[in-house]
Amino acid sequence: MAKSALLKSSLAKKYWMALTGLFLCLFLIGHLLGNLQLLSTGKDAALNFNKYALFMTTNPAVKLLSYLTYFSILFHAVDGIVLTVQNKKARPVGYVKNSASSNTIWASRNMAVLGTLILVFIVTHMTNFWAVMHFDKKMPLQTVTIESEVMPGMPPQTQEMYVTVEGSYIPVAAVEQGMISIQNRTEVYRTDNNLKIAHLYKDLYKITVEFFKDAKWGLIATILYVFSMLVLAFHLYHGFGSAFQSLGLNNPKYNLLIKNFGKAFAIIVPLLFAVIPVYIHFFLK
Amino acid sequence: MKLDSKIPEGHISEKWTKYKDHLKLVAPNNRPKIDVIVVGTGLAGASAAASLGEMGYNVKAFCFQDSPRRAHSIAAQGGINAAKNYQNDGDSIYRLFYDTIKGGDYRAREANVHRLAEVSGNIIDQCVAQGVPFARDYGGLLDNRSFGGVQVQRTFYAAGQTGQQLLLGAYSALSRQIGLGRVQMYNRHEMLDIVKVDGKARGIIARNLLTGELERHSAHAVIIASGGYGNVYFLSTNAMGSNVTAAWKIHKKGAYFANPCYVQIHPTCIPVHGTNQSKLTLMSESLRNSGRIWVPKKIEDAEAIRAGKLKPTQIAEEDRDYYLERRYPAFGNLVPRDVASRAAKERCDAGYGIEANDTNEGVYLDFSSEIINKGKQTAYAQGNHNPSEEEVIKLGKQWIEEKYGNLFQMYQQITDENPYETPMKIYPAVHYTMGGVWVDYNLQSTIPGCFVAGEANFSDHGANRLGASALMQGLADGYFVLPYTVSDYLANDIRTGKISTELPEFAEAENNVKSQIDKFLNNNGSKSVDHFHKRLGHIMWNKVGMARNEQGLKEAIREIDELRKEFHENVYVPGAANELNTELEKALRVADFMELGQLMAMDALQRNESAGGHFREEYQDSEGETLRDDVNFNFVGAWEYGGSDINAETLHKEVLNYEYIKIAARNYK
Amino acid sequence: MASKSININLKIWRQKDAKSKGQIETYKLDNVSTASSFLEMLDQLNEQLINERKEPVAFDHDCREGICGMCSLYINGRAHGPASKVTTCQLHMRSFKDGDTIYVEPWRSKAFPVVKDLIVDRSAFDRIQQAGGFVSVNTSGRTIDANATPVPKHDADRAFEAAACIGCGACVASCKNGSAMLFVGAKVSQYALLPQGKVEATERVLNMVRQMDDEGFGNCTNTGACEVECPKGISLENIARMNREYLFASVK
């Protein structure tokens, strides 16, 4: 009895929606904190971001979390679809005249549509960045330009160097010269003895900046991104507080707090996300 | 047939206990062989059905509403009395017994009323155990308030929705039995006749209101708990569907109908607004704890108010006539209902009414003094010993809201006036019927095996019911009386076996119902059912209402008789028999109201005295108080049906003997 | 307040029986007093229809004082009409203007099938109650004294507020999902808040929710429409409490 209650009942579906939803809110915070580094203008901005990206793709704990995130997204979406279908069935004949706006906010009535849009966004977003990061053979690697005085008095020479995860620099030219080769996208091997000598950073920063600064598509991408964040904001505006209610966390003492926090969250988080592409597209030099 | 009330021997305080000890029982293994029908699912019906189901009988319960939870007990607002003496203000079983007898103007049966008082405490225990959320004080114990006609606080309540909470309690007990399969529930079914086999009640004919199908249901005993007949007046505080049909059908098959003229006119209802009005809304009597009733002292002020030139708040204190406080200083605004109602009528008849409707009928119920008093008290309790006037009023309004919030909201909803700012307008309206089917001490009617409970019987309230006693009686009958007395009756039926619905008696009853329905549907008259119902109500209110006299009653009898003929000749009932047909339902009910209305007038005419809700203008003293005749009219008037001519009904008298209470003039001064 | 007379147009759902297909019919009704209740206005319409030898409109109603929960009606797109915390029987015509067109439809829910015109079958609510909406205590008159178990006033008041539900079904009707959770939540809450109800709280919430699901009600998505439209102001807190109770009950 109790077991099926936790899987099949109407209330169980609410719990799972709420739990996965709240987990995804946590994910949003984590993701946002990482992304905000894109706003950094320091010399090492790109490097720091790529370091972070590497950490996020390799750390075992993060990996575990990421699988949980994929699962949550999928479950949240599937559960949401099942709920929507069921709920449609609960009213086979609709009203001729219905004045829903007099008793509910728009977002709360359109969670399924908003959610679907977000799902489309997630798929696109992952194709644009996550898939490139994970699978693209032509993924650029992090380099720095180093100026060095070869001889005093001579003009300084600039040289493109790979930054290795291990902390050293390897001239990009060394690949062309055949001294080293790059295998498995980021591993550096000495050509002579085929020994792995270092790991390189994928340059996600570059991918991102180029994506939003693209002469042809950059503006559209930025607009779509901002629009998606608006959708997310509406979804969160209802969803955040709703999750607490679904889990039974309703106490007159704290309701206002939860409600206001939820509203703030729904506005601030998507806003900050949206600021990044706008900054990149319009202001980043 | 001589009326045998079957009052047990012994001292009043031991009668019920001793009697119970010697009643016959049905063993648990025999109970499932026995069927019981319960008609009505209000407090009495639901509690009886639940209790008998718990015991193990096969119970079939019927209600005309779409759910048993909607029975009109749900609308009772104020509270339920019980002799718990939690407030330590001198209450006792005896005092509740005494107050009820006195409140009923010494026209109720002592033994029944004492039993009611005895079980009253159990009702509260039972309801609390069921999860009824009564009002509580800050210590977590049950709170009480006062009601009219008593000087102790013995009324338990749940805001202004006590009836609702008690009914939902009984409904939950009933639901449990339905869920367990021990009670079979028939929603949207209306009983249209009782079936007698060998002189005993053995079943009913019920119409499925959804399909129109006539169904035969058999049982070893039938309990009628179908409520009162206030809707005979068309306008009353009853629900629109409340009707006398079940009670009247058993009357026509041999159950005597007692004291039909005892009708309670409730003093605090919202006045009539216009001709399309369908019902009247009660404002709980509990409001009289806090409100003061008044009309202007000067007739010109009343006229100015009706003309809309003056507001009640503009009438100075010394120009207000708090007539209840003036006439009855000991009880003031808390005199019994009949007294308060007549006093309002007296003022309005004299021209002091304040409502601008056809009849100028309305008086004020004013909360401004209470707002100030309670505001001051609250401020003091909060440690503020010098509150400003604004603070006082604010706190006072808060106090009122907590106590009566839902009633104030309801009032404003209906009248569009804010009773926190301006006094409520109220006027008496038909509310409760003390009369009903005559029953003995076992609550059995003169048809063996046919029991009657709650407002449908005549038993406990004499000529006037005290506030908060109807709920008490309904639950007492259903929870604590019928389970014993019905079992005693059924003990003789353990070998009877199932009653066949193929018996000719069932066929005959069904055919009678069918022909009545067909007659209505083929009548092809020209006027709606409501048209006739309103006309009946008009006659009843004007001539068999708050004040009656010989001439008016004689006119009423003749007029109703004529109206009934016209109704049957000229009513138009659209639709068909085999479908949901609300007009047909109404027609069948109004047909019975027509007959009952006439009997009410006859009963009022024979009762040459004034008692409780029955006020005969010929019998009053110089101050307008009732004059009872305890020598010639100390009886229950029980009418025996005498065929389609209502004038042929025969009156039987059950003389009331008062052994434990000294009869006295009712004095609330 | 002085009442006046208005003329209105009515668009009412007419459906002969459960099996027939229904449609909106238009009626014109003149001289409606603004002091009339909405149902008195329908009485007036029916009187007019009967006089025209037409079939009157069937609608559920009984107490006409806002407590029995029998009246329903979706009026101009809202359960119990435009006024707040009011049942249809206590909605008054002063809420409408001369010349208004008023749509009147039955509750729409798979679990509340239309029986005729504006009447629906709400027995699903009864069955939910039968599944567990009670305290399993037999009638005896020998239960413990009513004051033997003090109940904190706060809890008693909350329980009462939940118990004030009249079972009209406006929550289901106005919920875009046709969910019955406000009704069930209120019942679960009433008992969960009282010591008398706590004993079988686990079984109760599991059984009532199972029955609710079986009846075909939709699922709550916390839009809050039910709370806004509830004529008795039953709070969403009750749904949260049910969610909580159910969660604990199902992991027990």
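Labels for the chains are A, B and C, by order of writing; each one numbers its residues from 1.
Assume contacts are C-beta pairs under 8 Å (C-beta built on N, C-alpha and C of every residue); 3 or more make two chains touch, one makes a residue touch a chain.
In UniProt terms the chains read A = Succinate dehydrogenase cytochrome B subunit; B = succinate dehydrogenase; C = Succinate dehydrogenase, iron-sulfur protein.
The model shown is predicted, which means the values in this text are computed figures rather than measured ones.
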One chain's C-alpha mean falls closest to the whole-protein C-alpha mean, and that chain is C
Higher number of C-beta pairs in contact (B-C or A-C) found for B-C
Between the Cα centroids of chain A and chain B the separation in whole angstrom comes to 69
When centres are defined as mean Cα positions, the distance from chain B to chain C in whole Å is 26
Note: chain C sits from chain A at a C-alpha centroid distance in Å of 45
Note: in the complex, chain C contacts chain A through residues 11, 13, 24, 74, 76-78, 82, 103, 105, 108-111, 114, 174, 176-179, 181, 206, 209-210, 212-213, 216-225, 228-229, 236-237, 239-247, 249-252
Per the touch rule, the chain C residues reaching chain B in their complex are 1-3, 16-17, 33, 35-37, 39-41, 43-44, 46-47, 50-51, 53-56, 58, 60-70, 83, 85-86, 90, 92, 94, 115-116, 119, 121-123, 125-126, 129-147, 149-153, 156-157, 159-160, 163-164, 166-167, 190-191, 194, 196-197
In the complex, the residues of chain B that touch chain C are 47, 50-51, 54, 65-72, 74-75, 84, 86, 119, 121-122, 124-142, 158-159, 161, 163-165, 168, 171-173, 175-176, 178-179, 185, 187, 210, 237, 239-241, 273-274, 276-279, 281-282, 308, 409-410, 413-417, 479-480, 483, 528, 530-531, 572, 574-575, 579-580, 582-583
Note: in the complex, chain A contacts chain C through residues 1-3, 5-6, 9-15, 83, 86-87, 89-100, 102-105, 108-109, 111, 238, 241-242, 245-250, 252
